[in-house]
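Dropping the structures in below, format is structure tokens.
In the two assemblies presented below, chain A is common to both, partnered first by chain B and then by chain C.
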Partner chain A sequence: MTFTPLTKTMLRIAVGITLAFIYIPLLIILLYSLNPSQVLGWPPEGFTLSWFPEAIKDDGAREALLNSLKVATVATAIALVLGTLAALAVSRHRFFGRDSVSFLVLIPIALPGIVTGIALNATFTQVMGIDLTLWTVIIAHATFCVVLVFNNAAARLRRMSTSLEDASADLGATPWTTFRRVTIPNMRSALVAGGLLAFALSFDEIVVTNFTIGAGEKTLPVWIFEVLFRPNQPGKVYAVAVIAILLSMIPVYIANRMTREESTTATGAGVAAPAIAEP
Partner chain B sequence: MGRRLADFFQGRPRLTVTALLAAPLGWLVIGYLGSLAVMLVASFWHLGELSGEVQQGFSLENYQTLVEEPVYRTIAGRTILVAALVTLTDAVLAFPIAFYMAKVAKPRLRSLLVVAVLLPLWSSYLVKVGAWRLMLSENGAINWALEPFGLSGPGYGTTAVWLVMSYMWLPYMIIPIYAGLERIPDSILTASEDLGARPFRTFRRVVLPLALPAVIAGSIFTFSLTMGDYITPANVSSTQFIGNVVYANFGDNLPLAAAFTTVPIVVMVVYLLVARRFGAFEHV
Partner chain C sequence: MAVDVRLTGLTKRYGDFTAVDAIDLEVRQGEFFTMLGPSGSGKTTTLKMIAGFERPDAGTVELGGEDVSGLAPYARSVNTVFQDYALFPHMSVEENIEYGLTITKVPKAERVKRRAEALEMVRLEGHGNRKPSELSGGQRQRVALARAIVNRPRVLLLDEPLGALDLKLREQMQVELKQIQGEVGITFIYVTHDQDEALTMSDRIAVFNEGRIEQASSPRDLYEHPANEFVAGFVGISNAIERDGRKLTIRPEKIRIVRDGIPADGLITETGKVTEIAYVGMVTRVKVDLDKGGSVQAAVQNTESEAEPGGRVGEEVVVGWRPEHAVSIQGETSKSVQPEERET
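Moving on to the complex of A and B:
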């Protein structure tokens, strides 16, 4: 399709406005992390880098970060297994109620976090009588992360013709070898994209976490929640946030490398997972 | 082990499906839907009049309170209205950039924009709320920027909630729309053009209908996330939303909190059923 210069210009202006809307608050977060003042007024008075060593030295923040990494890693692993299994069932088999599976996996993420949080809290504490720990957080997170893996994996399996798997079988490979050597490698970038999204969602989740975490235990968002709104060192929490953004570039970069052989749309479509799928 | 399992399932499709679905469906049906059922049951409990302790018997007391007290109706109505406004705002903001990414930008710029849109999802939601709270304050950045023009920002309140939530959930709208537009073959747009349609007509009659499922898909998230949030309202307004009421009652009156969650549950289930009719996830 051809676009008139006017259309292009108008689109570019709209893109610029949206990007400014997205990035100005992030820029302000960066400025707050460099602000030496005890009261974060505007405009910033002065400049300091001292919040960053303070943030790194903070034991509470570091422990919370490790907890978050642990929760997100285990929840993502569970979601990868459950999501891939469900995707294989839906895309490689026909059975009664098949259409309901995609609906079912979507519900935990489509219902507001506060609903999921209270429901799981009531079940854990009232019905099962178990103590809330990081493990209850992991169970909760895995529940709403399944859909991200499922949608990516299912979309990929739909596009992937079964001829490769058939060829492998014809050449004498056992079903297990075919699965391990043909199906999984072809799904890899979709699984990376889905897993990364699941990780990101879990890493930053606060609402469900608040309802399912044990007293005294903290993930990074829980730690931030506690210090953010009653700060005595206001810049520090913003420095933690900036460090977290910088650290997040590592997995994004790795995933980008791992999915590079795919078309540029692979990661984009993968990330679109939340609800829609590919033809 | 894996090999023996795979051999065992060969030629037994029904058993294979059962084995594949056992874990995910067990987790989601027993674990998740089971939890929702627990909460539904809890919504019929009530607090003892004297003790203030939860009494586990059947009672419609909570639902009666929610229907009879006008304040709850106001809060529910306000929450749904703001969720709808946020969804609309995000759809309007997301469409041009998603379209630019999918149909105008060259591959290099496109992948750069995808990363640019996704990056905010990696920065802490809470820190963003904190930053907006400071920006919207009396001496904050927004008033500072508008002052030279003789204007002032919205301050704290419902408008601020709308603004901040539109900000928070925007990427959740951009990405599905982008992916949806990307899947529209360029040839269809060219065909429309060749048949004499002006760009606006092509947009309205071809692009928009084909992208609608993607917009609805994105709206599931903007709508749901707005309806359940209590942290943003608590920090940039003193207005009550469903999430605040649920959160506030959770500790002292779990049955009432559970009863009020039926509002977002019903709204979202209806929303999802409508979304499915529009094909928002018919391919999922």
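Moving on to the complex of A and C:
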């Protein structure tokens, strides 16, 4: 497609505005984290790096971050296993109610978090009578994380010719070997993309988390939400946020690299790389 | 000669549709055997039942005398060259070729040796480290062949392997395939809908139609003595006419346009009117409506570069053929179905 110079200019402006909307608020967070003031306010009153050591030293923040990583990792792991298996079942086998299953699996992502939260809270505390812990948060997060993995995996399997799996069987491989050596490697980038989205979604989830987390335990979003509006140390919260931003760039970078490598080797099937803006 | 593949009463149904209808077939060891037929005639389904991808509803598949009907594909000593090649995109050419050998735990040294042999056989030395996406269609086809043959299966199944290649490459690969088959001595079962391909390569051909085998014989036999009108029409161009209550078919190249100076001794001659003339390079096709009923197409060799070797449209001509070239055939097919309209 070719553009007229005018269209090109307008596209550039549109891209510029979009990027500005994404990154200016992040920049403001960075500025706030460098602001020595004890109260929240614009413009910053000076410059200090002292919030960062304080943030790192803060036990509450550290524990909350660790909890968030734990929850997101385990929920993503559960989602990867269940989502992949569900996608395989739906796209590689015919069974009664297959279409209903592929629809029902998608519902949790559309449900309002508050509904999921109430439903799971009632199920855990009243019906099952178990205490709310990080594990109940993990299970709650897994319900919507599964959808992301399932969606990505199922889309990939639909495009992947079954003759690859037939060829593997034809060459003597048992179904398990075929799954391990042919199916999974060809789904890899889709699983990376799905897993990454699941991780990100779990990492910043706050609504469902509030309803399913045990008393006294905190994930990072819960901690930030609680601490932010307390008087005294707003800079520390922003420093934590900046650290979270930096940490979250690592998996995005890895995923971007992995999917890019694969897109040069995968035939036909366009790789569903996560949409990652390159700053 | 020993029988490698024996199909007995093999049947496959999809709902009400019978894709393969109780066929019996024997393929001998070392044979280049082709299953030829229009799409939907059951040839590919039969191939899939031999490979194990489809389970028969009735009948048996025997490989080397052993009934394998209930065995999974990975438990059968057959390998397949797939129509879309089905190369593993995440593996290099070498890894693709070695795949079957690693599954059966062939020792490393042996594996490397056989891989090198296979690469050499398909003339892809030096391409071992490439990915399938970096190869041309013809090269991918060769990798698929090498990947299957390197396992030394009892039988190699080929599902329209040349279908995606252009004409020149296809003709070249036909010769190569036949040559490779001669070298390795493995039984080949080849599926195609292309009659020229079948005639060129095969030791024997089975013509499929509506889930049944109409005729299984050598290419020459099939062409010269078609069992029925379907076979006559599907393999080559058929001139079916009815004379004295008998159905006859005469191949176009056996029909001569009798002119002054061309002796008509020993020929059966009939008069007719030319209705169509088509120049197609090597021959000119002349369609003649016979006065006794029916019409025939004659292929006149363009030995001279005269302007109109077959005469002119509307011209009254005499056509002739030797009596032994008018082959008596049965009705249209065993099921009496109109053969598909085909290009000539």
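Operating definition for what follows: the second predicted complex is superposed on the first by the 260 of 279 C-alpha atoms of A that agree within 3 Å, B and C clash if a C-alpha of one lies under 4 Å from a C-alpha of the other, contacts with A are read in each partner's own complex, and residues count from 1 in each chain.
One rule holds in what follows: a contact is a pair of C-beta atoms (placed from the backbone, for glycine too) under 8 Å apart; a residue touches a chain by one contact, two chains touch by 3 or more.
Keep in mind it's a predicted model, so treat the numbers as computed, not measured.
Participant: One more residue to check, A:V15. First (chain B), second (chain C), both or neither?
Facilitator: first
Participant: A:L171 in the overlay: touching chain B, chain C, both, or neither? Say first, second, both or neither.
Facilitator: Once the two structures are laid over each other on A, A:L171 reaches chain C alone.
Participant: Determine, under the contact definition given at the top, whether A:L26 touches first (chain B), second (chain C), both, or neither.
Facilitator: Touch status of A:L26: first partner only.
Participant: Applying the document's definition of touch, where does A:Q233 land relative to chain B and chain C: first, second, both, or neither?
Facilitator: neither
Participant: In the three-chain superposition, say which chain, chain B or chain C, touches more residues of chain A.
Facilitator: B
Participant: Should A:T48 be classified as contacting the first partner (chain B), the second (chain C), both, or neither?
Facilitator: A:T48 sits against neither chain B nor chain C.
Participant: Just chain B (first), just chain C (second), both, or neither: which does A:I139 touch?
Facilitator: first
Participant: On the A-aligned overlay, A:V182 touches which partner chain: chain B = first, chain C = second, or both, or neither?
Facilitator: Touch partner of A:V182: chain C, not chain B.
Participant: Same chain A residues contacting chain B and chain C, which ones?
Facilitator: Residues common to the chain A contacts of chain C and of chain B are 174, 177, 264-265, 267-268, listed in rising order.
Participant: In the complex of these two chains, what residues of chain C are touching chain A?
Facilitator: Chain C residues touching chain A: 51-53, 72-74, 78-80, 82-84, 86-90, 99-100, 103-104, 131-133, 147-148, 151.
Participant: Within their complex, state which residues of chain B touch chain A.
Facilitator: Per the touch definition, chain B meets chain A at residues 2-3, 5-7, 9-10, 13-14, 16-17, 20-21, 23-25, 27-29, 31-36, 38-39, 42, 93-94, 96-97, 99-100, 103-104, 107, 110-111, 113-132, 134-135, 139-141, 144, 167, 170-172, 174-176, 178-180, 182-183, 186, 189-190, 193, 199, 202, 213-214, 217-218, 220-221, 224-225, 227-231, 235, 242-243, 246-247, 250, 254, 257-258, 261, 264-265, 268, 271-272, 275-276, 280-281, 283-284.
Participant: Provide the residue numbers of chain A that touch chain C in the complex, in ascending order.
Facilitator: 161, 163-164, 166-174, 177, 181-182, 185-186, 188, 262, 264-268
Participant: Contact residues on chain A for chain B in the complex?
Facilitator: It is residues 1-4, 7-8, 11-12, 14-15, 18-19, 21-23, 25-26, 28-29, 32, 40-43, 81-83, 85-86, 88-89, 93, 95, 101-116, 118-123, 126-127, 139, 142-143, 146, 150-151, 154-155, 158, 174-177, 179-180, 200, 203-204, 206-207, 211, 220-221, 224-225, 228-229, 237-238, 240-241, 244-245, 248-249, 252, 264-265, 267-269, 271-272, 274-279 of chain A that touch chain B.
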